[in-house]
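One structure below.
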Amino acid sequence: MLLRIGYDIQFEFPASAAMVALLHVHPSRSADLRAADDLRTEPTIATDPYVDSFGNRCTRFLAPKGLLRLTNSTLIYDSGLPDPVSPNAREVPVQDLPHDVLKYLINSRYCEVDRFSAIALELFGGVPPGWSRVQAVCDWIHSRVVFGYHHARPTKTALDVFTERVGVCRDFQHLAVTLCRALNIPARYATGYLGDIGVPVSPTPMDFSAWFEAYLEDRWWTFDARHNHPRIGRVLMATGRDASDVAITTSFGMADLRHFTIVTEQVPEDAPVSPDANMRR
Amino acid sequence: MLLRIGYDIQFEFPASAAMVALLHVHPSRSADLRAADDLRTEPTIATDPYVDSFGNRCTRFLAPKGLLRLTNSTLIYDSGLPDPVSPNAREVPVQDLPHDVLKYLINSRYCEVDRFSAIALELFGGVPPGWSRVQAVCDWIHSRVVFGYHHARPTKTALDVFTERVGVCRDFQHLAVTLCRALNIPARYATGYLGDIGVPVSPTPMDFSAWFEAYLEDRWWTFDARHNHPRIGRVLMATGRDASDVAITTSFGMADLRHFTIVTEQVPEDAPVSPDANMRR
Amino acid sequence: MLLRIGYDIQFEFPASAAMVALLHVHPSRSADLRAADDLRTEPTIATDPYVDSFGNRCTRFLAPKGLLRLTNSTLIYDSGLPDPVSPNAREVPVQDLPHDVLKYLINSRYCEVDRFSAIALELFGGVPPGWSRVQAVCDWIHSRVVFGYHHARPTKTALDVFTERVGVCRDFQHLAVTLCRALNIPARYATGYLGDIGVPVSPTPMDFSAWFEAYLEDRWWTFDARHNHPRIGRVLMATGRDASDVAITTSFGMADLRHFTIVTEQVPEDAPVSPDANMRR
Amino acid sequence: MLLRIGYDIQFEFPASAAMVALLHVHPSRSADLRAADDLRTEPTIATDPYVDSFGNRCTRFLAPKGLLRLTNSTLIYDSGLPDPVSPNAREVPVQDLPHDVLKYLINSRYCEVDRFSAIALELFGGVPPGWSRVQAVCDWIHSRVVFGYHHARPTKTALDVFTERVGVCRDFQHLAVTLCRALNIPARYATGYLGDIGVPVSPTPMDFSAWFEAYLEDRWWTFDARHNHPRIGRVLMATGRDASDVAITTSFGMADLRHFTIVTEQVPEDAPVSPDANMRR
C-alpha cells in the first residue's frame, strides 16, 4: 500500500524566534519512504536537521519576522496490515529490561506516575500481567473517557484526565502511559500520521494523531487508548516520554498558527511524487 | 584538597524488587578519584553498572527479600576553589544552543515550564539577560522560600514551591530550573555531595544535596538557589531534567529505608583509602 | 430605564433528577421588579422556592425524565446609572468588619486564598489600600488574562487562571476574588444579567455574566475584572463565595443542556409585561 | 461521665493582627456544660463573641503585638455512650433534603466534588445506598490511607489524599466528605475534643481531632474515616464545609504558634471547676 503524507503549516511570527520541529518520518520507517522527506520553508531559510536523544528526526531554525510556511509531501510504503496484536506477549521484570528502556518507567510532565501507584494497582492489579494488562488499561480508558476537541488544553495531565474523563487523543494516551508505568510496564508517547484507512472517514479535518507504545516481551508494541482497535496505516514520526518531548513544533517566542492542513491518504502504486492538489487549500 | 565521600544506606525489602541507584561520582569527576568508587552490597548480590541517557553512572540490581546494605567510601581530589562566578557570561540565543542542550528548555515532572511563561517574564523580564538573570532568579527564590526538612514531599512541583514558599533543597532548585527554562535559559537539576567546608557545620545529619546548572556562554555553570553563595567541595553525582531523573535510588517495589548516613569531609592528603569509622554508625 | 430580562433554558433528563436553580432576581432588587419574577416549567411540575444561606432566591424541583423547559420573562426598573465608583472608599480593618462579612475572606473551591498570600502581597502590597488596591487587582487581571469562550472548564481555579492567563468571565472574577481575599479585603462572586447597554452590541449570544463585589468602607461595591469599566444595567441574581455557590442550575443526576437563550434588553417604559418574541427562538 | 476539656494556646504576634477563634463547645452541647466555657486571654483584651453562618460559636479579637495566651478549662457532661450506629438509616433523595442541608452537597476548598463524580461512582456505586455506603467510604479510606503527622500540610485537598494515600485526621475526613458528596450524600467536616477514652492512651500529645458528619434518614450522624470505629467522649466544637470553615484559629497577619496544649480527660463527678494542674505545663 502506498500512502501520501504531508502537511502545510503556516505561522505568523511577530518577531524572529527559534523553532524546533518534529515533522519527519521516524528513522524506523526511513526504508519505507518512496520520496524525499524534506521540510520545505517559504520563504526559504536555513534549517538545521538533527536527531534528538529519543532518536527522533528534528529540524531547527530561526524563523524570521512575518509569515512562515512549512510544507512537505512525500510517499511512503505501508504493509497495509493492522497494528500487530500479540496476546501472549509477556511483561518483562524490571531487572531484565534493557538499560535504555528504564527511563520510560518514570515520571514526566504530563504523566505523574508518582500519584498513580495505588490507583493503578487497585484498578489493574487483578488483571494478568503482560499484554492483557496493557489492553485492560486501554479498555478502561476507552470506555470511560469521552473524546471532544474542545477539551484540549496544553497543561492537562494524566491526573486531570482521570478526574475530568474528557479529552483529545493526547489525553487518552497520557493516562494510559501513566497507568502502565505505575504498573512497572515501560510506556512511551507516540505521534504521527493516522489516516482514515479501513474505517469510516471522519468529518473533522485531518490532524496528526497520538498513540502510545508499551514494551512487552522484547520490543515496543503499538496501543491506542482512544481508538482501541488495531488500525491500518500509522506512520510514526516521534516517540518520547510524553507530549512535551515530541511536540510537532516548539516555538521559543510568539508564533500564531494561521493555517494547518495534514494529508494522509492511500494513493495508487504509481502516484506521482509531487504534492497533490489537496495541499493547496 | 582531599575529600572523603561515602554512604551507608540500608533498606528492608519485604519482597524481592528491582532497584536503580545513582550512587557514583559523575564521569566528569572520574579523573579526580583517588580510590575506587564502587557500590558495595551486603549481602553481596549481582549488580549491573551502566550509563543512562543523561550521562550519569548508574547501578541496577535485583534486591533480595530482607535487609540490603549499600555502602561506599572513597577519596576524591578537589581544587578547594568555590563555584566559579562569571558575571559576564552571555545568554545563548536558542537557535545557537547545542542540539543536546535543547531538552533542558522544556517541561518535566516537577518543572511545569508551560505554567510559568507569564510569571517568569513579569518577574525577570526587566533584568539584563545572561548571568545576572539567572542570579536574579536565585536571589528571588533564596529570599522568599523558607527552608525546612518537614516541608519535603515526593510530589511537590515548582508551582507548589512558588505558592507555598517553603521547601527543601530540591524544591528551591526545581523552582529555579523552571523559571530559567521559562526565560529560555537551559537549566538542569544536579545532585551530589556537599560538605560543610568553609561554612559553619550544620547541626543536622549530612544528606546528599541538590543544586542546579544553567547553560550560559559555552558551558554549564553551577548555581544553588538554596544556599545562594559559591561553595567549596561540591562533588557532582548526576544531572537530569529534575529530581525524577536523578533519584538516588528508585525502587520498583516496596523498600523501607532503615539507615541513611552520608559522609563528606576534608581529610589529610595522606588519608588511608579504607572507610573511616564514622561510616560504621 | 426599563429592562426586559428572561431566559429559555431546556434540559433533557435521561432519568428523573433533583435540580436547584438560582434563576431569580436577587432580593436586593425585588423592589425594582415591574412584573412577576416566576420560574415557569414545561411540563408544569411542582417547584419549591427558598432562600439559601447567602441570601439568594432559589428554586428546587424534581425534574422528570424527558425534556424540561425553564422560562421566565419579566421587567425591571434600572436607574440607568453605571456601576458606582468611589475612589476614596477605605479598606476596613479585619477586626472592624461585620461578622457576616468575615466568611468572604477565606478559601473556597475555586479561590485558593491559602496559595496566594505571598503572590498577592508581592504584586499589590505597594498599592495604597482601599479602592485603589481593588482597582489595581482588576487592572492587572484585565491586562494580562485573555478572554475566550473555549477556555472555559468546570474545574478551573484561580491558580489555573493565574498560570494559564486565559479564561471566561467567571475565571477573571475568581482570580480577582482570590487576590482581594489574600489582601484581607472581603470579596464575593456575583452573577446576573448584563446586557450590551451603552456599549457596542456583542456578536456572541447573550449569556449570564459574572462579576464580583468587594467590601470597602461600609458596603459591597461592584467590580468586574473582565470588562473593567463601569457598566449600565447589571441585574444581580446571586452572590456567593465562588461559582460553586451560585451555579445557575445544579443537577444531581444527568442533565443535557439542549437550549439556552437569555434576554437582557432595554425596552420602552410602556412595554407589555408578556414575554417578547425573541424568547421563542 | 464528666469530662474536663480545655486548652492553653500561645501565639507570638510580631505586629497587631485580627484573629478569629472557634474555641468553644458547639451550641448543640451547651446544655451539657457544667462550668462556664469562656475564652480567657493573657493579657486581657477585648473579645467579641458571635455565631457564624454555620451555627458555630466564634470569638474574634485584635491581638496586640507580643505574646498572647488563649486558655480555657471547663467541665462537660457526656453520656459515655459510643457514637450511635444505625445501619438501617436511609439515604434521603436530594429532592427531599432540608433546604439548609443542600449546601453540604457541593464543592469546597479541600473537597473537589467536581473531580470525584466518576471515581466515587466506580468505587461505591455498587454498594447499597444509605448507612452502608457511607460506611463503605470510611472502610475504604481507613484501609488505604496511612496516618502520619509529618504528612500534614495546609493546602492538601481530597484529591491529594486520594493520590498520596497519607495524611492526618483532617485529610481522612476531607476525602470521606468529598466522596459522600459526590454520591449525593450530604457531608460536613467536624472538629472538636476527642480524648483517649475507652481506647489505649496515645503516646503523642493531645490535639483537637477532626471527624465528619453525614446526613441520613432525618439527621446528621458522626463518622470518622481515620479511627473508623465508634468512640466515646467526642465533644463537638464546630462544623462546616471543610477545614477552611472551621479552623481553630484564623489569623489575618503573622502569628507564630509558641505553645499548644489540649486537655480532654475523664474526671470524677465531683471534680472542681477550676483548671487542673496539667494545664500549667
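Per-chain numbering from 1; labels A, B, C and D assigned in written order.
Here, a contact is a pair of C-beta atoms (placed from the backbone, for glycine too) under 8 Å apart; a residue touches a chain by one contact, two chains touch by 3 or more.
Given the structure is predicted, the values throughout are model-derived calculations rather than measurements.
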{"item": "Interface composition of copies subunit A and subunit D: same or different, split at half", "value": "same"}
{"item": "Angle of the C-alpha superposing rotation, subunit C to subunit D, to the nearest 5 degrees", "value": "180"}
{"item": "Maximum centroid distance from subunit D, chain identifier (CA atoms)", "value": "A"}
{"item": "Chain centre separation (subunit C, subunit D; CA means) in Å", "value": "32"}
{"item": "Approximate Å spacing (C-alpha centroids) for the pair subunit A, subunit D", "value": "49"}
{"item": "Distance from the mean Cα position of subunit D to that of subunit B, given in whole angstrom", "value": "41"}
{"item": "Per-residue overlap in subunit C, given as positions that touch at least 2 other chains", "value": "112, 115, 155, 163-164"}
{"item": "Residue numbers on subunit C that touch subunit A, as the complex places them", "value": "150-151, 153, 155, 160, 163-164"}
{"item": "Complex contact set, residues of subunit C against subunit D", "value": "18, 20, 50, 52-53, 58, 60-62, 93-95, 99-100, 102-103, 105-112, 114-115, 154-155, 184, 244-245, 250, 252"}
{"item": "Touching residues on subunit C, where the partner in the complex is subunit B", "value": "112, 115-116, 118-119, 144, 159, 162-165"}
